[in-house]
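One chain, chain A, appears in both complexes that follow, with chain B as partner in the first and chain C in the second.
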Partner chain A sequence: MYWKNYTILPEQFRNERVFDGCGISGYINIDGKRDYGTKVIDMLCILHDRENGLGAGFAGYGIYPDYKDYYALHFLFDNDPSKEKVLKHLEETGYIIQSEAIPTKTPSNVDHPPITWRVFYEPKEAKSISTDDQIVNLVMQVNERFDGAFIMSSGKNMGVFKGNGWSHEIANYYKIADYKAYMWLAHSRFPTNTPGWWGGAHPFNLLGTSVVHNGEITSYGTNMRYLESFGYKCTLFTDTEVIAYLFDLLVRKHKMPIPIASLALAPPLFDEIYRMEKKHQIALKNIRATYRSAMLNGPFSVVVGYNDTIPTMIGLSDRKKLRPLVAAISEDENTIYLSSEEASFKRLMIDDISSYKFREIWHPKSGTAIIARLGDGLLRNGLEKPFEKLKLSVIGA
Partner chain B sequence: MSISHTIPTYFRVNIDRDYCKKCKRCVTHCSYGALSFNGERIVADDSLCVACQRCVAMCPGKAIRVVQNESYLPPHGNYTRRIRNIIWAQSGNGGVLLSATGNDRPIRVIFDDLLLDACQVTNPAIDPLRETIETKIFFGRKPQKLEFTIDEKDPTEISLKTKLMPHFEIDMPIMVGHMSLGSISYNACMAIYQASKELNILAGSGEGGLHPDFYEYGDNIITEVASGRFGVDINYLNKTAGIEIKLGQGAKPGHGGHLPGEKVNNMISQTRMIPKGSDALSPYPHHDIYSIEDLAQLIAALKEATRYRVPIGVKIAAVHNSAPIAVGIVRGGADFLTIDGFRGGTGAAPRIIRDHAGIPIELAIASVDQRLRQEGLRDQVTLVAGGSIRYSADLIKAIALGADVGMVGMPVLIALGCRVCQQCFRGLCSWGIATQQEYLVKRLDIDVARNRIINLFHSWNEELKEVLGAMGIDSVESLRSNRDRLRYIGPNPKIAEILGVKHAGE
Partner chain C sequence: MIENLVLSELEKRKAIEIDAAPDGIPLIYQDLNESIHEAIREGYDRIVLNNVCGQRFIAASLQGDLELIINGLPGNDLGIFMDGPKIIVNGNCEDHAGNTMNDGAIMVDGDGGDVIGLSARGGKIYVKADVGYRVGIHIKEYENKYPVLIFGGIARDFLGEYMAGGLIIALGLKFLPDGSIIENEQSICGGELGTGIHRGKIILRTEEDLEPKLGVGAKLFEIAPNTRKEIEPFLREFCEIFNIPYEMIGKKPFKVIKPISKRPFGGNYCGQIV
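Moving on, here comes the complex of A and B:
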C-alpha cells in the first residue's frame, strides 16, 4: 500500500486525468439479507490481472442499520487540524449524531496513515434547499476547499472504503469482512500514469449513488461542461466522477426512471431508433436531443449502486461494449451478480465453505442496462429492447 | 499635363504566342474586358485583369498564364503595397472602398494553432468503416429536462409529459451560410439547395427572398429576415425549416446588406420586391429593433406567424461583447443562435469594415459557449458558428470548442469554381456564381455544381468520422464542447486561456 496522497492528487499530476483499466464486481440480495464482505472480496481479488496495486475500494449498502436515517459521511483526513476544521464546520451547519474513527488495521511499520473517520450527520433544515442538496454542496465544498480533507461517501445506510493498494490490502485495512451489507460494489485498478491518491480510487459516491467504473470516458469534456452548468464541480481528476454526477442529475434531480436514464447515458443508435414504433422513436429522439451532452462515449462498463429510496444495482456498458460486463443470478434467484469477468462467479462456485450455485450466467447487451432492485428482483436483464417491459405513453403521440 | 496616378496592376497576363490559336475564346470568356483581339493577335489590358483564371481554364491551347506583376514598388515595411494602393484608389475616386469575400489580411488563424487528440492503448479507436459513427444532430430548441412520470400502481407505466419543442434532425453538423439570390446566381442557389436536400443539411436563403422554384427545398432552408425585410412574405415564412433574424454579419458587423443595382435584374426585383436596378441597401439596424426587448418581440411575432412550427433564431457578428449579447438573445426566446466571425464572407462590404471589425470566431465560440453554460442555457439552444470554416479540420475544431453546427460559405463557392478574386460586388463573375448576367450564369451547370457540393460535404463528413473514430467517440454530440480533446500550440497563452484549451504537452 502507498501511505501518502490521501486527500488530493500530487501537484505534478493534476494536469492529467487518470486513465485506467479495472476490475469491477458487485451483487445485491433481493430479500435484503446482509452478507459479510468476504464474498465480494473473493469476487474482486480473483481478478488479479485487472489491477496493479494502485488502488481499490468497496461500497456496502445496508451497513449502518442503526443510523439508517442519517447521512453517513466517510472521511479521509491528512491530519488532526484538518479533521477538527471539518468537524467544526459540520457542527455549525447541522447535527452530528455520531462521530467516530472507521476501524482499520494499519501495519506496524507505517508512520503517517490517513485518519479514516465517519460522521452520522443531519444538516439543519433550510427553506430554500433540500437536505440532499445541502449534502451535495457540502461534499463539493469539502473536497474542493478544505485542505487535507476528503469525503469518500455521503449516502444513508451505506459507505465507501477505498485507498491506494492491492484490493486484498484495502479489504484487509478497512476490515471489509466485518461489515454486513445487502448490496456490495467493489473495484480494483490498473492506472497507467500516476501513483494515484486515496480519494481518487473507486467507488465514487455522491449521496446514495456509488459508481465503480472500468474504462475511459472520451466525452469527458462534454459531460463535465454540461454538469458544470448545473452547479456540479468536477475536481477529482478522473472521468468516473462525471458518471456519478450524471446519474445524480438524471435520476435524483430530473426524476427520470432508471431505465430511461440509462437510455440517456447510452442511447441506441439512430439506425435502431428508426426501426422502432413511432412512440418509441419520439421518446428516444427527445431523450437524445435533450440529453445529448449527458451521453457517455468511449469504452466503459459500470456498476452503479443507488439507494434513494429503494436500493438498486445497475450495470451498464458502452453501446459498443468495449469493456466487459457479465451477469449472474443465484440458483434461488435471490442474488444478482455483476462482474468484469466470469472468473468472479467461478471463484464463488469453488468456495470451500459455502458452495454457491448459479441458475444462469449471461452477457448483457451493449448499451443496455441491467437493473436489480431490493424486494423486486431482476427488473431488467440487460437483453431487452429499450422500452421492453415498460408501458410508455407520450403526450401528442 | 497632369501626372498619372494609375494604380500599379497586381497581375500580368502572359500569352504564349506559339500556343495561341487566336480562337478568341478567351476574349469571349473574360467578363472583365481585360482581353481583346486587335485584328492580329490577342492583347491584354493588365489593369483590368482580376486573375479570375477563367481565360486560363478555357484556352484550348493552354497558352495563357496570369502571373504576379513583377513591376516593383520601392519597398517599405510599413507602407505596404496594399496600403499605398488603398490611398491611391481613395484619392482618385473619393469614396468608401468596396470589397467582397472575407477579410484577406494575413492575421494568424487560431484554428491552425489547435491540435486534435487521438486514442492510444487505454481506449480503443473506432474504425468508421467497420463501426457506426453518428454525425446526426438536432437543430432547434430543447427543453432543459424531460419530465417522465411513473404510475403509482404500475411502475412499468411511464409517460413522457414534456411538451416537445420545434426541432428537426440534420445528417451532418453543416449549414451552408446565407448567400442570397442576388449576391449569387439562380444556378448557384439551386445547386446549393439541391445538394442540401440530398445531404439533409441546411442552407441559408440570405436576405434575398425565396424564389418560388426553391419552395420544394424548403425543408432544408433557413430563411433570413434582415433589416431590409426583402422578400419577406407568408411563403417566405411558411415554406422553410427555420427562420433567422439577421442582426449582423461577420464580414461587416454594424452594417446592413449591400446589393449593388447592377445585380438587380427582373428576377431579383421580383423575389426581393424592390425596383429593378435599384441598390438594395438594408438598413444598418433593424428599425424596429433598437434594443434587446424589441428583438424578443420580433422573435415572438415570427413564432406566432409560423404557429410555433419552426425554430426561430438570431444571427450576430462576432464582436467584443458577443457573450452577453448571446445570452440576451437566448433569454429573448431564440431557438438557435448563429455567430459569424470576422473572417466571414460577403458579396459586398466596405473594405474598412471587412478588414478591421469583429473578432475571430474561435474566441467567440469559446466565450459564448462558456457564458451560456454559466447561465444554464447552453444545452437548450443550437449554436451555429461560421466565418471562416475553410475545411473539415476547422469544422471539427469549431465543434470541439462548443458549436453545434458549422456554417460554411466560401468553400461551397470555391467548389463551384470560384477563384477568390474578390470582385463579387461588381456582378461580373466569370464563373457564373456571383453574377446575375444571363450569359455568365449559364456557365454554371446546376447538376455539376450540385454534385461538387455533395462531394465536398460528403468528404468533410467522412473526415469528421475519421477524427471522431480516432478520438474513440461514436457520436458528434460527444465532441461538442469537448475542449479536453484540443491542445494549443500557438504563441499566445492568453488565447488558450480564453479558449479553455490546455497547451500541447499538458
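Moving on, here comes the complex of A and C:
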C-alpha cells in the first residue's frame, strides 16, 4: 500500500486484472449494543476472493458517543500545508470542538502514509441555510477546491475509514478492531470501470448516509446531471457516490419514506406495474415519472447506513438481481446482517470463541429493500410486494 | 444429512476427512483444492470436507468415480467443469453451483444461490429447498448428455433462461425447521420464465396461472402422460434422497414450459439467411 500521494493510481497495479466482484458486509444491533470492529472484519475478510487489493473501507455508527452532537469530519491530507489550509477554513466558518489525528498503525513497508485527521465541528448558525446543508456545501467545497485534502465522512456519531489496499490491511491500518459501533458497514473493492484510489474506496458518505456498493451504475451520467441540478458535485470519479447523494436527496431533503425511496431507485418494470391494482399503478407510475433521473440502472447491490434521527440499515439490489445480497437474523433477533455471500455468516458460525447462531438466512428479492432500524428491528425483510405493510392514500384511485 | 444415499457403496470406498478450517481459520480455496487433489492421488475416493466456509471452485474439473461430502458452506462455482464425481452438501450452497458441469451429481440439502447449473451439459443437480435468480441458464443436451435440475422449493426470476436442452423441475414445497414439509405459499417462480428457451423442458408443480410470467419464446402446456412417466424416476430418486413422501408430489398438477421455436431470436440477427 505504498503511495506517493493518495489521489492517483500507482503503476504496479495498473495491469492487474482479476475478474471478480466487490464484497460488501454490514450489520446492525437493534438494541444499540456497541460491538468492536472485529466481527465485521471477519465478515469482510472471508470474502477475500471478491477483492483485488485496490480499496477497502469501514463505516461505524455510534463510535463517538462523547461527541455525538457534533459533525465528525474525517479527513485525508497529502501534506501539512493542505491540512493547515483546511483547518483555517473550518475555523473561519464554524467552531472546532476537537481536532486530532485518527490513530493509525502504519505497516513497516510504508514510509509515506497519508495524514488521517478528524475534526468534531459545528458550523456557525446561519438564517438562510440549515447546518446540514452547510456541511454538505463544505464537503463539496473541500473535495472539489482544496488540493491535497479529502473529506471521507461528515456525519454525526459515525465515521468512515477507507483507503487503498486489501481489506485486512485497511482494517489494521485504521485499527478498526478498537472502535465500538452498533452498526457497521464494510466493503472490499474490485474496481472495474474506474481506477482504485484512496478517495474512490467505499463507503461513500455524506452526512449520516454511507453506502457500500457492489456493481456498476450505468446510469451514472443521468444521475450525476440530476444531482448537479440540486447542487451536489460528483468529484470522486466513481459511480457509487451518486447513490449516497441520491439517498441524501430523496430521504433527507425530499423526506421520502425509505421504502418509497428504494422504489424510486430500483422501480419495478412497467409490465409488472400494469399487473398491479389501480392504486399501486398510479403511485408507482408517479414515482417513476417524478424520479425518472434518479433511477439506478445497471447491476448493483448496496448496503446503506443512515442516521438522520434514527439509525437505519438498508439493503437493496437491482431489479434483475445481477449482484448477490444475502440477509440473516441472529438467534436472539437482535442483530440483522447483510452480506454479498453467505460465507460471512458461516465465518461467524465456525468462530470457536463466540460461535454466533442465526435464526434464519434468506435471499431477499431483487429491487426490494430490506430495512432494519435501531429500536424497531426488521421493518422489511426484502420479500414483500412493493407497497405491502405501507399506508398509502392515492388521489384519483 | 443425506448419508443414507450412499450406504450401499460406503464399504467399498476409501475415505478421508479434510478440515477446511484448521484452527478456526478457513483455508484459501487453492489450498483446499490442492489437498483434495492430494487425497485423490493417494487413492482416496470418498472425501469428507469439514468446516467448509465459502471456498470457491471446490471439485473444479474433477473426473472419475469420486464422492465428496461437504459439511459447511461451499462457495461459488462448486463443481465447475466437473466430469463424473458426486458431491453431497450438508447445508446450503452459494451461487453458480454446477457451472458448465459435464457429468456427475450435486445434491444440496438446503437452499441454493443464484445461477445454479449455468451452462450445465450433463449430470444432476438436486437442491432440497429454494433457489435464486437465473437458475438453469443455458443448460444444454447432446445425444446421451442430459442435465437434470430439480428443486424442492421455489425459484426466482429468469428460470431456465436461454435453455438449450435438459430438464428443470421445481416442486414448490416448503421445509420447516422442525423437519415437516408443507406446500410453499409463495409463487413457484418469478417473471421472465424460460426467456429465449429453444429446447428442453421446465416442469413446475403448481396450480397458479403461469401465463403472465412466461418470457419471450416460452409456451405453457399441460403435462402429457409420457412426460409424466419420463420424469417419474427422477422424482422418486429426489424424494428418496431428501426424505420427501412421494405421495405429496401428486397433490398438485404439473405444468410444462416448452419452446415455441428452436430459434426464437433467429429473425433478430440473420432473418434472411434462415
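Definition applied: the second predicted complex is superposed on the first by the 373 of 397 C-alpha atoms of A that agree within 3 Å, B and C clash if a C-alpha of one lies under 4 Å from a C-alpha of the other, contacts with A are read in each partner's own complex, and residues count from 1 in each chain.
Here is the rule we use: a contact is a pair of C-beta atoms (placed from the backbone, for glycine too) under 8 Å apart; a residue touches a chain by one contact, two chains touch by 3 or more.
Everything numeric here is computed off the predicted structure, so don't read it as measured data.
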Touch test for A:Ala177: chain B only (first), chain C only (second), both, or neither?
neither
Check whether A:Arg292 is in contact with chain B, with chain C, with both or with neither, and answer first, second, both or neither.
first
Touching partner for A:Ser219 - first (chain B), second (chain C), both, neither:
first
Chain A residues in contact: does chain B have more, or chain C?
B
By the touch definition at the top of the document, which applies to A:Ser393: first (chain B), second (chain C), both, or neither?
first
Which of chain B and chain C A:Ser229 touches, first, second, both or neither
first
Could you say whether A:Leu47 touches chain B, chain C, both of them, or neither, answering first, second, both or neither?
second
For A:Pro257, is the partner it touches chain B (first), chain C (second), both, or none of the two (neither)?
first
Considering only touches as defined above, state whether A:Ile97 meets chain B (first), chain C (second), both or neither.
neither
Would you check which partner chain A:Met276 touches, where first means chain B only, second means chain C only, and both and neither mean what they say?
neither
Mind sorting out which residues of chain A both chain B and chain C touch, each in its own complex?
269, 320
Using the touch definition from the top, list the residues of chain A that touch chain C in their complex.
46-49, 269, 272, 275, 320-321, 324, 341-344, 346-347, 350-352, 361, 363, 365-366, 383
Which residues of chain B touch chain A in the complex?
119, 121-124, 126, 131-132, 134, 136-138, 142-148, 150, 154, 156-164, 167, 169, 373-374, 376, 378-379, 400, 471-475, 477-485, 502, 506
Within their complex, chain C touches chain A through residues 21, 24, 26, 28-29, 51, 53-54, 56, 72-73, 75-76, 92, 94-95, 111, 113-114, 130, 132-134, 156-158, 186, 191, 212
Taking the touch rule as given, give the residues of chain A at its contact with chain B in the complex, in rising order.
15, 19-21, 192, 215-216, 218-222, 224-226, 228-230, 254-257, 260, 269-271, 282-283, 285-293, 295, 297-299, 319-320, 322, 389-396
